[in-house]
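Dropping the structures in below, format is structure tokens.
In what comes next, chain A is part of two complexes: it sits with chain B in the first one and with chain C in the second one.
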Partner chain A sequence: MTYNFDFGAVLAYWPLLLEGVWTTLRLTLFATVFGILIGAFCAITRTDGPAGARWVVSLYVEFIRNTPLLVQSYFLIFGIASMGIRLPILLGATLALTVNIGAYTTEIVRAGIESIHRGQLEAATCLGLSRTQTYLHVIIRPALERVYPALSSQYVLLMLASSIVSSVGVEELFGISNRIQSETYRNFEIFVVLGIIYLLLAVVVRAGFTLLGLAMFPRRRRLGTPL
Partner chain B sequence: MSPIVELKDVRKSFGDLEVLKGVTFDVNRGEVAAIIGQSGSGKSTALRCMDRLETIQGGSMLICGHELHDDDVDLKSLRRDVGIVFQSYNLFPHLTVAQNIMLAPRMVKGMKQRQAREIADTVIAKVGLREKMDCYPEQLSGGQQQRVAIARSLAMEPKLMLFDEVTSALDPQLTGEVLRVMEQLAADGMTMILVTHEMAFARKVADRVIYMRDGKVHEMGSSDILRTPATPELAAFVSESAEH
Partner chain C sequence: MNSAYTFSLLQGLWATVVLSMLTFLFGGLVGFIVGLARTSPTWVISRGAAAYIEIMQGLPLLVLMGLCFYGPSILGYDSLSPLPAATFALTLYSSAYLGEIWRGCIRAVARPQWEAAECLGLNRWQRMRAVILPQALRIAIPPTVGFMVQIVKNTSIASLVVGYAELSYNAKIINNATFEPFLYFGIAALMYFAICYPLSVQSRALERKLNVANR
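Showing the complex of A and B:
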């Protein structure tokens, strides 16, 4: 068994790889921002919303969590296209990831909200805060703090899972690597390089969440204790 | 003296369980009323109804001019007039003492940061915890947390303060510091209704003692009724409490 390693042939494609990294990061960042917003909103709705809205959110969460991301992506890009609604591929893929992560975030944040003692809600109510003010200032931040480790893992997973949308034609990191592989036939090298890049990206996403956590939870920053 | 709290034949059930079976009493402005009684007698429920954390199902309840038996009662304005302190403090753990106190003045009364801070400085001085303004609740003892909770309520400048067994979760040493704050409040003329197990405190501070038993007011009067109860049930309750 003789194999001549040639990482140079793969690394020569670095501008393309960098482009892929950039697309993956953009996808992840967009899905993260909107995923957290959707998740927080749906979690509050599912805990304390009107019955109809609770039902709609449950349907959304269960549907997304019990179907493959691949199918969801195909549906958003090719499925609705046959009805005449043609989304640009990158937009469709971003939407698919956002809708997907939103559902998982809903469930995680809901667990956080349910862990907050009823007394917090009562105290805020008795001080005269409105429902919205109570959720915004009293409930949601401690809830997010409680589930923050689970949340950041889920978003690292999102970054890794974003490779799936290469199959609908998005030239993110994995899609680009496939192209490099078919041009160089350096299968071993490209996937080693790819693995290392994903690993580094995961470190970056985790670091991002750590920094965000420091900004969002000043109590934690000062005392270092769990809530 | 006009009553600021008027309960007439108040009824409340949880499912099949009737907890309040026609409760009637008044509290005048500036008075301190202590509600005492065994657990399960409905005293905490009665108190929670006064801030409409529970809705009553029968009778009438007038609190600071708000008719709580009316479905259209203006809750926002009720809660500006009534402050409540709970057994479990319920401070917001992610906010500092100052932020805990300033939240409602800013959100509900729309005060600017500086104005809210001035109020916070005033009320924290009343409970003697000026040096703890920038601490988080978990850095305080139970007694200190409860004093902050009192300050947080006072910041909204309520006309009536409700205290729901506020010392029941505290060690005897810490109970004293909270009771002293409440005593000072009473001396300042605050109208207060407290559900309590502290008989000595009730005897000393309360203008009116309400003994509840089985969802009704069983005996009511000045704090003298704790020395010379008219009913054998209150006599038994008082001597039982003295043993603890």
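Showing the complex of A and C:
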């Protein structure tokens, strides 16, 4: 083995890497927030909407879940560009990730909604809760609580998958490493460093979701059931 | 859209299928070992498998591709060509997920089955082979078919770092020449859908069939 590892050359670019981490986290955050909104909305539509809307939602979910994120990003980002609309690349990437994660969230939240016992809904009616109140307090919140572990691991996967949008020119953590690669030619070291950063990010994001879960669902914490 | 483009897309589709099958084959073999190791009573082995799964699930596939593509040449071997490098990375990646899925299936076999096998005096391998694995296999089929969808979708990433010319790669090349993204990426997406959707449907149907007791 004659190869001399030179991690110093890569680590010298730490401000650039940090910038990449920041972009990755921002992408993940926005996609998570919009993904939850879309997911909750579509899940409600799919379980309790008019037949036509249900059909549209299931078409969306099936199509997104059965095609790769890479092709979806190409389709959306290059497609929008070909229509002559100039979209900032970060916005385009957020859009692609949101459309993607929205479908997965829909499926997960739907499973949560379907697990809500009928008796709960009847109790809500007896208590005279309005439709909105029922949805907010009796359906969505407990449903999210129940599927929270599945949701958070899906969002950790999203953070890792956001590296794919580097292929359309987003300078997130993976994309920015291309620049370091062309300046240092230290391909292998870069991938090792990237791997370690992503592993750490996965740990941090997972911990963040656990803390968020503890804050959002205090009832469960009092009952002592782990998230 | 001329016939050369159609042919190129079909060629890409074939390359995607080849890579998916190779991944499933090798990923399945390694994943089986990982799943067994994960359920091993020996602490070191099961913790080792858990660490492997943890690391593989914490890395983006793109990074894994890069490591597998540039790694061998550093160790003094010839650098891998795109197909072996992509197969290598996807094998590592899917073996972790399949190992975790199959661990769950092995664990899902009812406790008395393990005890009964022990009472019959079967040793560990006999118990696994004759009692546990046949029952775990039945439970494992629906999630495994479901994971095949992930494998097919993940092969698209092989077009990026290692530059394996599969469906999304060819679609991108065509788009660079024609600049009709909606058409060509739309067709590519439909082709992926044509492979993945039947698998998803099949996975759900198998799950329903298996779950007949709780219906």
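Going forward, the second predicted complex is superposed on the first by the 225 of 227 C-alpha atoms of A that agree within 3 Å, B and C clash if a C-alpha of one lies under 4 Å from a C-alpha of the other, contacts with A are read in each partner's own complex, and residues count from 1 in each chain.
We take it that a residue touches a chain if its C-beta (ideal position, glycine included) is under 8 Å from a C-beta of that chain, and two chains touch if they have at least 3 such contacts.
Since we're looking at a predicted model, the values are computed, not measured.
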{"item": "First, second, both or neither for A:V138, with chain B first and chain C second", "value": "first"}
{"item": "Chain B versus chain C as contact partner of A:F78, first or second or both or neither", "value": "second"}
{"item": "Residues of chain A touched, compared between chain B and chain C (which is higher)", "value": "C"}
{"item": "First, second, both or neither for A:Y198, with chain B first and chain C second", "value": "second"}
{"item": "Overlap of chain C and chain B interfaces on chain A (superposed complexes)", "value": "none"}
{"item": "Touch list for chain A against partner chain C, complex", "value": "1-3, 62-63, 65-72, 74-75, 78-79, 81-82, 160-161, 163-164, 166-167, 174, 187-188, 190-192, 194-195, 198-199, 202-203"}
{"item": "Complex interface listing, chain C residues touching chain A", "value": "55, 57-64, 66-67, 70-71, 74-76, 149, 153-157, 159-160, 167-168, 171-172, 175, 179-182, 185-186, 188-189, 192-193, 196-197, 200"}
{"item": "For the chain B and chain A complex, residues of the former touching the latter", "value": "51, 53, 76, 79-80, 82-84, 86, 88, 90-96, 103-104, 107-108, 136, 138-139, 149, 152-153, 156"}
{"item": "Touching residues on chain A, where the partner in the complex is chain B", "value": "117, 119-120, 122-130, 133, 137-138, 141-142, 145, 217, 219, 222-223, 225, 227"}
